[in-house]
Structures are given as C-alpha cells and as structure tokens.
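Going by the order they are written in, the chains are A, B and C; count residues from 1 in each one.
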Amino acid sequence: MKKKRINAYGLLEKIRKDGPVVHHLTNWVSIYDCANAVKVFGASPVMAHAPQEAAEMAGIASALVLNIGTLTEGLVEAMKIAALSANKKGIPVVLDACGAGATGLRDKSCFRLLDETKINIIKGNASEMARLAGRSVRTKGVDSAIIETDLKPLAGKLAGRRRSTVVITGKEDVVSDGSRTFIIKNGHSLMSHIVGTGCMAASVIGAFAAVEDDLAYAAAAGLVCFEVAAECAAKKSKGPGTFKGRLYDCMYALDKKTVDTLQRVYVE
Amino acid sequence: MKKKRINAYGLLEKIRKDGPVVHHLTNWVSIYDCANAVKVFGASPVMAHAPQEAAEMAGIASALVLNIGTLTEGLVEAMKIAALSANKKGIPVVLDACGAGATGLRDKSCFRLLDETKINIIKGNASEMARLAGRSVRTKGVDSAIIETDLKPLAGKLAGRRRSTVVITGKEDVVSDGSRTFIIKNGHSLMSHIVGTGCMAASVIGAFAAVEDDLAYAAAAGLVCFEVAAECAAKKSKGPGTFKGRLYDCMYALDKKTVDTLQRVYVE
Amino acid sequence: MKKKRINAYGLLEKIRKDGPVVHHLTNWVSIYDCANAVKVFGASPVMAHAPQEAAEMAGIASALVLNIGTLTEGLVEAMKIAALSANKKGIPVVLDACGAGATGLRDKSCFRLLDETKINIIKGNASEMARLAGRSVRTKGVDSAIIETDLKPLAGKLAGRRRSTVVITGKEDVVSDGSRTFIIKNGHSLMSHIVGTGCMAASVIGAFAAVEDDLAYAAAAGLVCFEVAAECAAKKSKGPGTFKGRLYDCMYALDKKTVDTLQRVYVE
C-alpha cells in the first residue's frame, strides 16, 4: 500500500462552481442531513420519491443517490424507476445498502436494484457489503456486525462481479472499482457516535460522482473532503451534538490547503 | 417604493400569547424545522397527514400549511381534504409550492390545490411562482432557475388572478395581495446555504396568518421577524451549521427593539 | 412522598456496554432525534416500518418503541405486526401516544394497539394519558390541554387497568406500574420550547427498558438521565437552538457523579 496524494479539492471546487442537482430517494431519519451535506458542499439536493416523478426528476439531475434505510416496497419500486431513468441518461447511481443483512426485505431489495438496474457505486459498512457479496452475515440493525482486518478482497471481488465501484466505510474506508483500490484513513470517532454520517457520506459521494467520470476516484475524493472536514469539526466540538453543527461549518469552509495537508489516502 | 415601519413585533407578541395551533402537511426533509420554527416563535405545531384525520386536525387549528417538497399523490389528496376543512372553518391556508416547475407532478398538484380549494397564501421562489403564473420555467430541482430584477408584476398578477396573497422569496422578498405590495430586504446569505429555510419561512407565515386577518401584512411581518432573527444569528455563527442553532436561539429571544431597528420593509 | 436515590447511572452504564438494538416505528418529525437520543446514550437505534420487515427487525431488537406522532392506518398496522413479534420474543414495547385526544384516528389507533397487543410502557403528556384513561379530553394538537395538580391517581389507575407501566411527562414526570409510583423532578423549561423532547424521552425509556426488567424503574432511570443531561445542557446554552446541540453533548458525556448529585426522584 502506497500513500498517494489525490486532488480531492479540485473536485470540490468543481461542485461549488457547477452546483449539480443530486436527486435522492433516501430514508426518513437522515433525509435532512443527506440534503444538507450536499448543499453545504455547493451542490443542489432534491428529494423526490413519488413514482410519478422519480424518472423525470432523475432526468434533470447529475447524480442519483438511493438509500434503503427506511425502505418500503413502494419506495424500492420508485427507486428502480429513478435508477432506470438515470441509467438511460448516463448519470451515476449510488446505492447505500443501509441495513442489508438485517432483514430479508433489505437483502431482497438490494439484490433487486443490483440485478434490475445499473448501480454504479455500492456503499455500505463491512457487514452490509459482506451480505451483498453473498455471505450469511446478520447485520445488527444498521450497525456492522463484523470487524475484519482486511476488507480489500471483499471490495475488489464485489466490484468485479457487479462491475461497480464498491465503497466500504469504517475506521478506514475501502474504495475499489475492481482494478484499483483506495484506502482513506481520515475521519474521527465522533462520526460513529451520531446518526446519519454514513448516509451523508453516500450523498457526498453522489455529489462528487456528479462532476467526475472516474467513480472510484470521485468516491475517494468525496470521502477525503467529508472526513477531513469532520477532523476539523471534532477539534472545535464539545461532544457529538456540537460536532454536528461544526461539521457543516467545516464542510462549507473547507479549503485546498486543509484538504491537501490532512488527506491520508493509500492505493494498491 | 417607500420605506415603511410595520408592527411586526406586535403580531409575534400575539403568537406568543395565544399559542395558535398550526397544522402542517409538509415534506419529510424539513418537517422538523417547519415544526420547530413555529414552536420557537411560540405557536403550537402539529403535523398530521393521514387522510382520515387531516380534516379533523385542521378543525382544531388556526392555520394550515401545505408544502409539496416530497409530495406523493396520496399526500396531495390529504392536503386537499385538509384545505377544504380549513376553508370551511375559515382559517388561512398557506401553500409552499416547493419544486413547482421541476416536474409535471409538482405543477399538476399545485394547480389542483389552487383550483379545487381556496389557497389564501401562495409562496415560493421566483422560478416556482413564475411556473404557477403559467410561464414555461424549468426549476432546478428545488432551487430557482431564474433571476429577475423586478418580481413585483409577477406577484401582483398571480395574486389578482388567484385572489390570494402571493409571497416570492429571494434576496428580497415580495409580498402582494393584488392591491398592496411589500418588499422585505432583511435576511442573510447563510440562509441560502442550508436546506429548509424556505420551508421554515412558509411555516412562520402560517403562524403569523393565524393571528392576523390581513394576510399580506401577516406574511410581511412573519418574514421580517424570521429574517431579522437570521441576521442576528449570522453575527454569532461560524458557518451554516452553527447558524442553524443560533437561528432558533434568536427567533426565541427576538424582542421589539431588534425587530423595530433592523426591519427594512418597503411598500408600493 | 419520599425522596429516593436510584441507580440510574448503573442502567446507563449497561446500555453503553451492551449497545442494545432499539427498534422504532415512529413519526417523521422527530425520527432523527429519536434515533440520535438512543445513539448518544450508547444503544443502537434502527428505524424500520415496512410491514414486511417489522416483525423480523423486532426479532433482532431488545426493545420496541412505537410513536403515533404522524400516524397513518398503514403505519399503525405495521406497528401491530412489530408489537406482536416483540411480545412473542418477550422484549418490552413502549407506546408514545403522541396526540391522543386530538383526533378520532389517534384515539382509535392507541386503543387498537393497547387492546390487540401487549404494550408494556404507555407514555404521554397529561392530556394524552387522560384520554387513554377514558376521559373526554381534547388535546391541543400534540400539546397538553390540561394541567392538574396531582397526576398520580390517573397514572396508577391506567397502569392497573392495562397492566402496564404508565409514564406521564410534564414539569414533573409520574411513572407508575400500579403498585409503585416514581416522581421525577428533573428537567429544564427549554425542553418544552423545542420540538421532539417528548418523543426522545420515549426512545430513551425504550433503551433503558432494553437492559432492565423492572420497567417502572427503567423508565424512571431513563427520565432521570435524560433530564439531568438537559439541566447540564441548559447551563451551556444561549437558547433552544444551541440547547439541542448541547443536550446531545451532555447525554454522551453523562457521568455517575452528575447523575447521582442532580437526580430528584420521589416514591410513593
């Protein structure tokens, strides 16, 4: 594994300049934070889940983010409609497999989306991604049930089989498109003590994928910017509550020097 | 255009004294903020969207706020039921036309509510209001796609045609009931860097309309109080995240002297 | 009424050690705060309302929290499925009767859940609980419409009739299982000036009930920890907005000495 400097800030600058529309069909817990994360980074979030408008809204967007955190059968049907519209238009689709491995409905819904539409970026924690790779893991609600020393083979294999970019988040994040693997060692433990940072990461990845065709690179850059901002926010926080407010401040104010200095990216 | 002093604080005082119930059928992104904005100003928010109780809940309320931000066909049907109940009771109905002009479903839903119920206050950004006035505008998700120098004619014409009060929010807000026009030049740029301030404005207008029959005056007063609080909050903030917390502090603590000193209202 | 020292912190320690999964079917207004309250206290929240997975998710949980704040008929049906699964597994079920007494649908839904499933802890404000006890109270949306000097008989009678633990929140909280009554005199007035603290209290009670079989004791301990944290947060806040962030900080950092020193619990 070799340390590598990536121009993550360059993509953030592009988002701020272009303000791409990022369409979401997401969960009702972190829906505000998914939208706001995208907003403070300079993109234009839109949340629209009615089956009658999902395709049309995807048509005016530059990326689509799906998150099954509080799924229903009807919502998954609308996700499929939106994804097929995004596929047709050629914009990237991100799937946050929130809670895969916890119930049959979550597994079935993920597999349905993966099989019947083109998902360009699959994202989840170790437990969720192991389940999508076919292992019989029992996710603890939406928290990971497994801790592995090396998640790179899991990411690489799933990426190869699904011809997608795979993102496994955790203390270290693994991003693989089957040929290259990025490891991101940024972030702060406070992120795991509040609800929604995982969902926010998927939305941020959507915003970065909206402005960069190399999706593994875009995902890595998005995670770097989000997690470097979290490191800055943690320094100014008294706990998880004030951290959340500061996180948005730091995302909004993030500059090139900070991103370049604090990033810890490795490639294989 | 002439500068005019309005007694915006007088209405806020009435809200704090009476604690009117403000019923919402709103979106899942900013639903907490819609409720909390109304709450910190002293009113009593209630969110109830089941068609089986929408009419009954509107019946115990003093104002009804509808927001189509994450609409579905079923939700719009419930909005219609609630609006007809509010109409019957004679309480004001506010419609936030969130995302009108972005999809056919949003346009169709707004026109249906406007045609089949009495909407007393129609609120949106320039792009959304232009769409409702019949122009072929393509709203950028929920962000305005047009910037105009003078929105007063648009507001006035739509107000006249719909016999409603029209509120167009932006850098400057325009409020017209067809005969009078208020321009509010308060607010702060940080408001446009977080999600939900537009929705909060509609809810605040609902609370003010609950205590004042002159709806253009109520809407103008609500915007003044909300945006003066935002100006105070911005001074104490480090960015959009801390701004949000401070905004609620400042709304809660808003006093007569601050409102009277900082308000910048113009009439025509 | 006698002052009594309870080992509330002991249960919090157990939550932090075990990280129990707390399954919710709750409302769309405070869903983030319900999840985050449980999270910062060390439990693992999961929100899942699809009827197809509600039973399975309850099966991997250690407690179930139901909240009818933004109910629909379909959601109440899913709540019933989840509750029956929780009953079968023997994990405690908490019902927050949010808005009972405001509409017929809310009353009917509460009675249906109480009659057709086993609810172990029933929680609400004075107005909501009076309605569930059969009185013809008209709740003001989700705010209580009655102020009584002594709510202990109401709590005791309802607890006896339903063979449940009853929690009435207010300036003073009353917890009764029909034989014992706890009065908790902690908390801060800022809690009533933001939306969602009542819902958060129900979720916190769920987390405490997940690690303690004596449900009245668990509910009292949960309220003590939540409200002592609120007292600490209020001291560091400038208003209701900054209070909210500080509340999470103080919940996360809550220690034995603070809980033991500040708790004000009385028994009868």
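One rule holds for everything that comes next: a residue touches a chain if its C-beta (ideal position, glycine included) is under 8 Å from a C-beta of that chain, and two chains touch if they have at least 3 such contacts.
Everything numeric here is computed off the predicted structure, so don't read it as measured data.
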Contact graph of the chains (line, ring, star, complete, other): complete
Same-site or different-site touching of chain B by its copy chain C, using the half cut: different
Chain B and chain C: spacing of chain centres that average the CA atoms, whole Å: 33
Chain A: positions in contact with at least two other chains: 28, 32, 244-245
Touch list for chain C against partner chain B, complex: 27-30, 32-33, 69-73, 99, 102-106, 138, 140-143, 193-196, 237-242, 244-245
For the chain B and chain C complex, residues of the former touching the latter: 19, 21, 23, 28, 31-32, 35-36, 39-40, 44-50, 52-53, 56-57, 60-61, 236, 244-253
